Amino acid sequence: MTAVALRAEGLSRRFGETLALREVTLEVRQREVVGVVGENGAGKSTLLKLLAGAIAPDAGQISVRGAAVRWREIRDAADAGIGVMFQEPSLVPGVSVAENILLGHEGPAVRFGIIRWRKLFALAKVSLAKLGIKISPAAVTHSLSFSERQLVAFARALAVEARTREAPIILLDEPTSALDDRDIAAVLRAVEELRMRASVVFVSHRLEEVLRVCDRIYVMKDGQCVAECDARTSTVDALQRLMVGHAMGTDVTREVAASHVEGTVCLEVRQLGRRDEYADVTLAFRYGEVLGLAGAAGSGCEELCRTLFGIDAPQSGTMLLDGQVVTLRDPSDAVGRAIVYVPAERASEGVIGEMSVAANMTLAYLAQFCGRWAIDTRREWDVAELWIRQLRIATPSATARVSDLSGGNQQKVALAKWLVGERPRMLILDHPARGLDVLARRDILAAVRELARDGVCIVILADTLDDLLAVSDTVIVMRDGRISARYSVAGDRPTQQLILEGMV
Amino acid sequence: MRHEIVGTAAAAVRLALALALTSALPVAHADAPCEKSQIRLVNSMREIAQPYHVNLNKGGRMFARWAGLEDQYVLQLNQGDSDKQVALMRSILATNAKCTIFNVEPNADVVMKPMVDTAKATGAWIVTHWVYNRGLHPFDGYDRWIAHVAVNSQDVGVAVSDRLVAAMDGKGGIVVLHGRLDTDPAQKRFAGLKAVLAKHSGVTLLAQQPANWDRTAAFPIMQAWLAKYGDRIRGVWAANDDMALGALEALRAAGLAGRVPVVGVDGIPEAIAAVARGEMTATVSSDAFYQGSIGLAMGVCVLTGQAPAPQTWSKQRREFFLRVVVITKDNAAQYAKEPEADAYAPEWRCDNLWSRATGPAF
Amino acid sequence: MAPFTVLIALVLGIGAVVPSFLSAYSLGVLADAASVILLLAIGQTLIVVMGGIDLSMAALASLTSVIVALLLPELGAGAVLGALCVAALIGALQGLVHARAQIPSFVVTLAGLGICSGIALAIAKTTVPVAEHYEVVGWLDARSWGVPHAFAFGVTLLALFQVALGCLRFGRYLYAIGMAERVALLSGIRVWRVKTLAFGASGLCSGLAGVCMVARTSSGNPTIADSLLLPSIAAVLVGGTAITGGHGSLARTLLGVCIVAVMRVAVAVAGIAPAYEPIAYGALVIIAVAFTVDRSSIGIVK
Amino acid sequence: MESRHRPGILSVAPTAVRGALRASGPLLALLALTIGFALADSDFATIANLRVILDSAAVPLVLAVGMTFVIRQGSIDLSVEGMMAACSLLFACVVANDRMQVNLGWFGLPAAAALGGVFGLANGLVVTRLRVPSFMATLGMGAIALGAAMLMSGDQPPLIQDPVLRQWGLGQTFGLPNLALAAASCLVVGLFVEQYTRLGRYGYVIGGAEGVARASGLDVDFYKVLGFAFAGLLIGLAAAMESARLGLGHVGIGEGKMLGTITAVVIGGTPLSGGSGSVRGSAVGVLTLAVLANGMVFIGATPDLEKAIQGAIVLVAVVVANWHLRDRLRIVK
């Protein structure tokens, strides 16, 4: 058995009323990949933050290569050879990729206080090359796509290698959550390579991945470490049982497709076009129907949704809402016509972290919670309580701050925002299950089906084709700004392969 | 409450007055309103970074020392904040109001009414300077407002403008730097210039700009004018010395210092030196030392009973224009050095407080 | 409540040096001096909570004072109402330009500052005294039971706005915009309307400040309130409201106003030599804010 | 399991054309303003007047270079006026003058800059150690510096009598004002520091995402302090330049400079929230204001309305320069 690289013993951490982590003990040996799995809110991210020195434990002890350590800040951990990639891609938008990768460790590229850009780019390239990705180190970070930023964050965690003589310890929190297959493969390959020379803690909700790359797996539940198993002998089902206490069904329950009655048209677009984004899009969105949009980046799906929500005006074509020609001036106009939107980046776009759960839920339909003059807080809380129950939102109370909730629960709050008032006509969902665990994902997708059954017209951009096929009635595939294929999920039974072919 | 104070104060003054009339003694009498040790002298002004204000303060302190009241001399600075000037006055009057004398350089004319009203309400004594206070006069029921010592800004404007026109031989273009336009001196001094220009058709006003009494603001404006008008500028008229000196430096940069006549107002030492060197043509002094001290002198005379109560004074003695001096190369040497208390002592005497009055103001 | 402690400490500290400072008279004077800053700070708080800044308030107050002073003899109370409407309108217009043209509030209101003071200067030239119909505004300059009416008026207005912030949709939206404007936009809130309304309200507060200045000086003047801009912003921040938006309250602003008002005269009253006054003032500002900043809810101090 | 490559509909990146336009907005405003004045007054577009504009932009430019660093790191510096006063007095007192028997000659410049640096350092320490928001910290420090200046000023402002320094302040070299050349060197230094040093790069990081900066182990406080100190140095230098030009140490030397500098930086494209913007943009902002002030003198508008006209022009110029950036989801504070 090889030596222990990182050991945590009896770590506990409390956030306000919630005990996020309870006496967790974990051990990572040299050249070992350790998986940590658990539902959202099980304490995985908190554990990683403690290990990385981002927050201090209330109790417990961390030791690195046998020596007890007490970190005051992340830098101390970084100096000890710990590289970390957090779940929220924490990059600085206004500077180059290279600067982000080497942030705080530019030393080798600085001589006499002067930054030598060529050297800096070269250093960054080394880290990027390990992942086999082609992003220019000189690119400004805010011009990158979401997945590219994710990869840059990973590259940053790897950059610690160049700085330590010891074998590095790499902590990865959901490194694959927003990536496509090619990039996921690159990440997993990189982790495999790291095994040769480093120790890795790999947190993911994609259990197949975890089983593939990890040697040992810790299972967390409610802030505790409930099991430790050998990856070679474990299975997805076994892990799930340990995580939630019982076996999971295969997937989202959905109605038998045959019983689906075609609803009346809610929104119709005719020959819609905008700049070089999309052209000649003619589509009908029906009440009670979930319409999934599929397409690679640049296919025009995102841009079309922007137009549907009134963010960008179309340059040609017409939109008809309930048969009437309509022009959406801005998002508030869309909301006024009951066309609503759940954004992808919930932390910065979906919810206000510093406001209470109740205030977030009522933000959009506040007028309905007002008496003659004032906001009726009693009613506000009642409705919030109702939806907390309905969507099974795990929160201490309706007055808790949303930022204290886990990602899945935040997403539910973002969804509930559109449900507390009258039913919206049309609901646009932008990657609603991104970064969510199996259970939260199932809850969200089930809620979407439920809404469709209630007659809401739903447009969804999904993270995975799995999600897309699980929840949609109709799938529209777009390529180069045009619709390349349409499928009725119940009738055509399109395979993932078929849809992929339409996309590229 | 307020009426009571005023009432009793008025009664006291009437009593003092009666005694003063019956008594033949010229010195302080037993029933003077205040003991000397109680008297507090307050000079309220903008700041003490500019030479004019430095001299105001020096004049006040010089008088206090001369009168043996230096320990009771208080300086209040408002840093250009009118509201603060009033607030400061009101704060200090929490104690010993009736023996406090304010000599006020108003930050703006709007502070006049609140300040004299405060004096009226608390029983403090006040002498004001400078501004044109439309419809507001010490003799209209303000027994504690000893006097308003005004400066005839229009005459000042005329005086410097005359020197400027003379230096230009009565022809050519001039440029004008205004002070803060909402202030009375800025408007009146310019009115004086316009009056002079009306008589000299050879002199034309090329351009005018406000430079906020400020040297740094005047510099780039003068530069721009030089670029635009070049040698068509035959004279520079500035509403104060600070701006005149800023314009002078711009002229110096263009190699024109001493070749284009410049006039200003205030008589600050630097300007007097520039006049002596021949780089400025003229400046006008209202004598800050005198302005900083005369109000305090009046107050002490009244409070020690050496002068009768103000309401018995004639209107001309309660609101009058101050004599000003035009400083040119001829007399610059005379004003170049700091004056001594002895020079002012005769004018602080209680029977000679109006030696520089040139007649009723307004 | 840290700002409260600081205020008490300040007052008692000065009281120890200058006992007369604690007299009812002195405190009344203080409240009186604070009243205009208070009115300006109320409006400023609304804008700062939203994450913006309004540099035009003092100039707008000056403009209002001029309008009131010019029209009072002819229109009486109508002049006050008219001037307040104009002030609110100018404020709202700035908000509209800020929100619709998407120009930083700093730039819009800075331009507004120039425009307001320019117009004030152009229509008034210099001080406009008020004699006729002074009683329409004069009551603001009087006192009841030692409390200056202007201050009482300011506190009442502050209480009203505080209730509005806490109970009305407007208040909720204001904080939402301050905390996460993007979320507010995506939630269908008509952000531009809220901004226009908020700037309109701050314009109204400026107008009221201008009216108070007329009452206090019985005249209008194109630069009458200009020196109060920085103290009024300082008051908001000293109270602990974050300039980055989303945090803070009017209650904090009230304390901030009191602290600033005390500091403004305290240094002079305490008898520090004039040349050392700014130094003492500056040090006091830093020390006071070091205690009052609400670090628990403001993560990053900008 | 299949998955796709998706940024989410709100993070669709702006096209290259828009990005380019975004950067050039302030420059367009400057050009439009210049052309406007040139059309309004034929004497405006002359070499002589260009010199005047460059000369009048010199001191504001030095200030704006420093202010850009402070604003970009998410702070603000309101101590400009007080600090300029103190540095100006110090400068006048240590070069040949009519009051003190000291004569450091050219070393007066570094002395003034050093005093500015010290005040800047103090600003930074108050912000980072006492955690006082920079708005209030620098407001207080400005008052302290002003007090110090008043103490140094005493009864009479010290007059500078060093002919070499006066000539530097007023004269020209190669047909360009000396101060404009000095300011241009400051601009070059600013560009270099911005691009090639940690101070410059971390400014973007700290202003853009202070949390990330801290999480990455940057010594955020150190670089914030450094940013303030750098701005302080330049303020000191600007004060010395202005003093050399006017020939004295003057308490009011910075009057109006604080708001002017911040305005220049903001219309030059650096948002008050920090994280982006460049010294280059600020230079454009400074030139815009210099052209505006100069053009107003040329047009000779009625003094009463001048402030109003100036305000209106700034507003219109900024609105026009930014109109193409309008977006239904754009956040502008």
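Note that the chains take the letters A, B, C and D in the order they are written out, and that residue 1 is the start of every chain.
Rule of thumb we're sticking to: a contact is a pair of C-beta atoms (placed from the backbone, for glycine too) under 8 Å apart; a residue touches a chain by one contact, two chains touch by 3 or more.
Only a predicted model underlies this, so the values are computations on that prediction, with no experimental measurement involved.
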If you walk touching chains, what's the least steps from chain A to chain C?
1
Among the chains, which has its CA centre at the largest distance from chain D's?
A
Find the geometric centre of each of chain A and chain D from their Cα atoms only, then give the gap between the two centres in Å, rounded to an integer.
42
For chain A paired with chain B, centre-to-centre distance based on mean C-alpha positions, whole Å:
72
For chain C and chain D, let me know how many angstrom lie between their CA-based centres, rounded off.
28
How many angstrom lie between the CA centroids of chain B and chain D, rounded to a whole number?
37
Sites on chain B at which at least two other chains make contact:
48, 181
Interface hub residues of chain C, defined as touching at least two other chains
121, 125, 182, 185-186, 275, 277-278
Multi-partner residues of chain A (at least 2 other chains)
331, 343, 349
All touching chain pairs, where touch follows the definition stated at the start
A-C, A-D, B-C, B-D, C-D
For chain D, which residues count as touching chain A in their complex?
1-13, 19, 195-198, 201, 204-205, 207-209, 211-218, 275-276, 328-329
In the complex, go through chain D and note every residue touching chain C.
10, 74-76, 82, 126-127, 130-137, 139-148, 150-151, 210-211, 259, 262-263, 266-267, 271-274, 302, 304-312, 314-315, 318-319, 322-323, 325-333
Partner chain A, residues of chain C touching it in the complex:
167-169, 172-173, 175-176, 179-180, 182-191, 246, 297
With touch defined as at the start, can you tell me which chain A residues reach chain C in the complex?
331-332, 334-336, 340-341, 343, 348-355, 359, 363-364, 366-367, 370, 373-375, 417
Over in the complex, which chain C residues touch chain D? Could you list them?
51-53, 55, 97-98, 101-108, 110-119, 121-122, 125, 181-182, 185-186, 230, 233-234, 237-238, 242-245, 275-286, 289-290, 293, 295, 299-302
